[in-house]
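Right after this note come the structures.
Shared between the two complexes below is chain A, which has chain B as its partner in the first and chain C in the second.
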Partner chain A sequence: MSFERSFRVVDKIGVTQVLINSLSGACLYLLIGVSFWLIYAPTKTFFVSHAAAITFGAYACYWFNQYFGLPLPTAVCLAAIAVALGFAAVENALFQSLRGDSKSWVGLVASIGLYVVLQNIISLGFGDDTLVLRQGTITVGQKIGHAYVTWVQTLMIIVGGVLFVSTIMLLSTTRLGRGIRGVASNPDLCVLLGLNVDRITLWSIGMGSALAAVAGILSALDSDMTPTMGFRLLLNGVIVMIIAGAGSIRGFAWAALLLSMAQHLAAYFLDAKWMDTVAFIILIGFLIWKPLGFAEQRLKKVEL
Partner chain B sequence: MQEHSAVHIIVFVTAVLLTGVTCHGSPREDATGVGVLLPLTGDASSYGQKGRRAIEMAFDDRKAQAAGLDRKLTVVFEDSKGNAKDGVSATQKLITVDKVSAIVGDALSAVTLPAAAVAEANRVVLISPVSSAPGITHAGKYIYRIWPSDLMEGKAAAGFAVSKGFKKAALLFLNNDYGNGIADIFATEFSGSGRNVVLKSAYQDITTDWRTIVTPLASSGADVVYVAGYYKDTAAILRTARELGIETQFIGATAIEDENLIKLAGTATEGIVYPLATGFDAASTDAVSKAFVNSFQKRFGYQPGWMEAHAYDAFMLVCDGVKSSKGRVSGTRIRGYLDHLGSYHGVTGDIKFDENGDVIREVVSSG
Partner chain C sequence: MDYILHLVVFVLLYGMVALSLNVASGFTQLISLAQAGFFGVGAYTTAILATRYGWPLLVNLPLGMAVAGLVALPVALVALRTVEDYFIICTMGMGVILFSVMNNWMELTRGPMGIPGIPAVMLFEHPVIAKWEWVLLVGALYAAVLWVARNIKRSALGRVLVAISEDEIFCQSLGKNVSLAKVQSFVLAAMLAAIPGALYAHYVTYIDPTSFTIHESIFILSIMIIGGMGNLWGSLVAAAFMILVPEALRFVGLPSGIAANVRQMLYGAALVLVIWLQHSKVRAANAAVRS
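Take a look at the complex of A and B:
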């Protein structure tokens, strides 16, 4: 169907808008990609239930904001803390109980089960209808050049950027951060060196879940929320993590920008239904030609 | 030995004959069960739950008039989850396990079409309350619907755009049977005499990035935008268009007639026009509609919309079909009733079927 019409002409209005949209989209993907890495790296388990952390963040924020009348910033902080505590407890318990099982797919299947349960809990509690977290009336965005930017987009860029930089700082300068990287690289060696691997894993899952909650809230503020919102966002976050190459957290920024820009350009010049296809083409392309991602190097491992 | 063989043969033949009877003799002829197939969970569950409430009320209303009902009526609800696969399994279950002779459902055309094929093959009547895909018109002799085909609605929307003198239309449509079908009709009806479609873009309802879909509108040069979707996605598109400073005339589909549209998109809904394919009007002064609205509001605490009204009428029609069946109730007998139905005055207005089982109804514009 989309081939019926010719390719769109490049024009200033559209391209500026697409670039701004790509940037705010990239910041959201970046946040989710990093949040997933924080959980994947120390556990080496593909926690699909992380999608529920994104959804729970948005719904918890909605709950604090609408039912208790708390102002939005307070509700965001409380939601992030609640999701961090809840998911650290649940996912860590799942991870610890499966630890003896060397097959990684067991963890994957168990986490899919956990995701289904959690998503249904949200459906039961809040219903399947779209809920609105947005505050106030809908207004025309701020005009920048030929394009419009909404305050939520600005918030996405600022919050996404700040949280990403803070996470890098934390990972490279603090004791906990170095611990997380150590466990990600070689948990056995960390045990030998006397690090408390379990405690580090717990912290890492908690931090990842909190970041996911914030990403969910930003997405809900931008485009409302449904109980199934987390899964698609997680999918993009995971693609970002894979094309970034799990070795380098800095590669995440490039990966998020590449993915978001490719999706937005495809939607603009071809059709919106090509967004997912483009994401998977990029993923497959990377898996074939650059399997180690942007980082292009494996972490050095000390084998025992 | 020979006697044994004879006994074996008799037992075998009887068994085969009995099996034949079970397979082809339609034991459901005795049944008075009515099946209801709706998306009770999943993304389309808001429609399913509304329909369910209305049918529960219709069932109780029917029981209250038990004197007029000469047999025991049962209703079996099945969840289609809004997808074709689960819809077909649920339909098969209703027919083979619950042995219903008529089914009310589904709300979504994408589910109604495959479910209709199963119902038709088993000679079970299926009345869809709100499915609008043009394909349902020729889905079979046992298939009816009380919502006009998209053909009517697409024509009405295009007719409005033409009458207002718009020259360049942009089409945003949901990438499913419903959206694709209605967008194609609009495009065909609108194009010609200096008018053309300048942008045609499909979207997925599960997307979270609406800005991408709406952005091309700004530079498309369209003076009218037709959105063929449901209220959730239309609300998201209207909201995003407002944020992006797009002030073009929007035309929607009847499916957006929902109080939640304003909850989701607020003031961004101002100015949108849409054809109204339903004959239901909550503010109607008609005695039947008024009684329905009042008792529904009393029971469920909110004003019913088109989904509730159409589900109510579809169920009531089936009940009348069951009641009118002399002797054993069967799909064929209910079909006979519906085919010879002169006109039924329901809460959605007068219902008459054409030779394809489509309701005959005029589509009007609403704003």
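Take a look at the complex of A and C:
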């Protein structure tokens, strides 16, 4: 009897906990999804090397924090700036040199090669072992109802939410933001109107990389870091972008929430090891039945 | 000498997987990142049948091909509804799912523990153990796969596949069944990938899911792209290059911890470089049009 009762309590804890975990996970995916969109929109290329931006962010922060003894907020800012500069230079160079190819897979496959090189640079520099960015002891966190929310989860929700909203604001109100949206929808017309398309592309890639770096740092604070951490996170970000459709705000929010919720429910009812599988089943489902995503707008030619 | 023959076996095995990927992607230019998954399906089918039931390779090989084909059929039906980049992402997802199944279905695959003790291949009551025997066996099957791939390339199916890479809609307008051709090539490629898979399982005698990750798919893809898409002999040359160059690094005196990373960086860089070089032709053509 007592077992049954305790099981029911566990169950109640479970539901709230799943909700909290889903929400913080969704904010992280939101950030990665938007950061990937910023790179995809002007280049129309799936830059797999974006995964390395996530990893480099976390490791750069670790490096500034541990080797130079900088406080965490300073280290985060420096890491984001460094990643933004580095990746804007590298990915832009790759994009410009492969431009104008009729085959769309060329950029994607080249960026896979770039990712492999960058990921192994991290492996060589820091080793393949798990590194810990978080300082101090692990605490159970704040109790809400029957569940616990850690300070990293709170941070994820706040930082992810704020950065997402400010990116959206930037895209809709500033000159640069409108420029990015313009290049996203029709680069040729932007050239005609006298916009500097190359510079806007460069800025967009830089911003996307900076956001990815922050996402990497948040993820590293939550669940530590390995040189391959970026790849899984990127896949989730790509899935969010694809099922969100063409950069609509509501689409992004729904997509991130749906993906994160489904993954955490799977982790709760089945096992955490099936989280990746669930993510891809959702993606494949969307590609078949709703290829235009939540926004019902054409991202690019999805199907014939 | 054994070491050199061992490398030859590996070159042939990976050349064979790249050749099978050529059937799926080389002609149509629809890049698949699920090939390591099908390679793994072949390996696991053989390993499970050989260790649990003691069945011989001659039975396991066709069964492995059949299982890989059966797995590939729904994958093809789903993934081939998408095109271009989405197809790559979709097949990448299939690769991850296949890996998850190998890694997590403990009852069947023993998960990360892998399957040890896969028995030697028995051919006509004679165990194939010596390295030179392996070279002959793998070489013979390589020749068979090459023959099949060549015939596919020259057949009506192959010509439809090449036409798809040029202009899918135009090809459709000629009354060709485009989607059927794509599904056929994808399933055939998966079945061909199961052959090196089965041989790999018997050759190394121990398999675990880490041999069939998405990174392995990327490695196979680089072999195919470096060898030239649709170029059947190119796959073998590229496989030799991609496997022998990192081995050569070993003699330079790189510590083994670094060697794995350097090997991966090499193929990543080779991938970027080859695509860049191929693209320079496109650039030259574009410049010519402009002037």
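What we mean here is this: the second predicted complex is superposed on the first by the 283 of 304 C-alpha atoms of A that agree within 3 Å, B and C clash if a C-alpha of one lies under 4 Å from a C-alpha of the other, contacts with A are read in each partner's own complex, and residues count from 1 in each chain.
Going forward, contacts are C-beta pairs under 8 Å (C-beta built on N, C-alpha and C of every residue); 3 or more make two chains touch, one makes a residue touch a chain.
What you are looking at is a predicted structure, and each value in this text was computed from that prediction instead of being measured.
Aligning the two structures on chain A places chain B and chain C in clashing positions. Judged by the touch definition given at the top, the superposed model places A:A82 against neither chain B nor chain C. Contact with chain B, but none with chain C, is seen for A:K143 once the two complexes are overlaid on the shared chain. Of the two partner chains placed by the overlay, only chain B lies in contact with A:Q17; chain C stays clear of it. Shared-chain residue A:S123: touches chain B and chain C both. In the overlay built on the shared chain, the residue A:I281 is in contact with chain C alone; chain B does not reach it. In the superposed pair of complexes, A:A272 makes contact with chain B only, with no contact to chain C.
Of the two partner chains placed by superposition, A:C61 touches none, neither chain B nor chain C. In the superposed pair of complexes, A:I32 makes contact with neither chain B nor chain C. Shared-chain residue A:L257: touches no atom of chain B or chain C. After superposing the two complexes on chain A, the stretch of chain C that clashes with chain B is 112-120, out of 58-66, 76-84 or 112-120. 123, 271, 273, 276 are the residues of chain A that lie in the contact sets of both chain B and chain C, per the superposition on chain A.
Of all residues in chain C, those touching chain A in their complex are 29, 31, 78-79, 81-86, 88-90, 92-94, 96-97, 100-101, 103-104, 168-169, 214-215, 218, 221-222, 225, 258, 261-262, 264-265, 267-272, 275-276, 279, 282-283, 286.
Across the complex, chain A is touched by residues 41-43, 45-46, 175, 180, 199-204, 206-213, 215-216, 218-219, 232, 235-236, 239-240, 242-245, 260, 263-268 of chain B.
Here chain A touches chain C in the complex through residues 45-46, 94, 97-98, 100-106, 108-110, 112-117, 119-121, 123-124, 231, 235, 238, 242, 271, 273-274, 276-277, 279-281, 283-284, 287-288, 291, 300-304, going by the rule given at the top. Interface residues of chain A facing chain B in the complex, by the touch rule stated above, are 1-2, 4-5, 8, 11, 13-14, 17-18, 21, 25, 123, 127-130, 132, 137-141, 143, 148, 150, 219, 222-224, 226, 228-229, 232-233, 263-264, 267-268, 271-273, 275-276.
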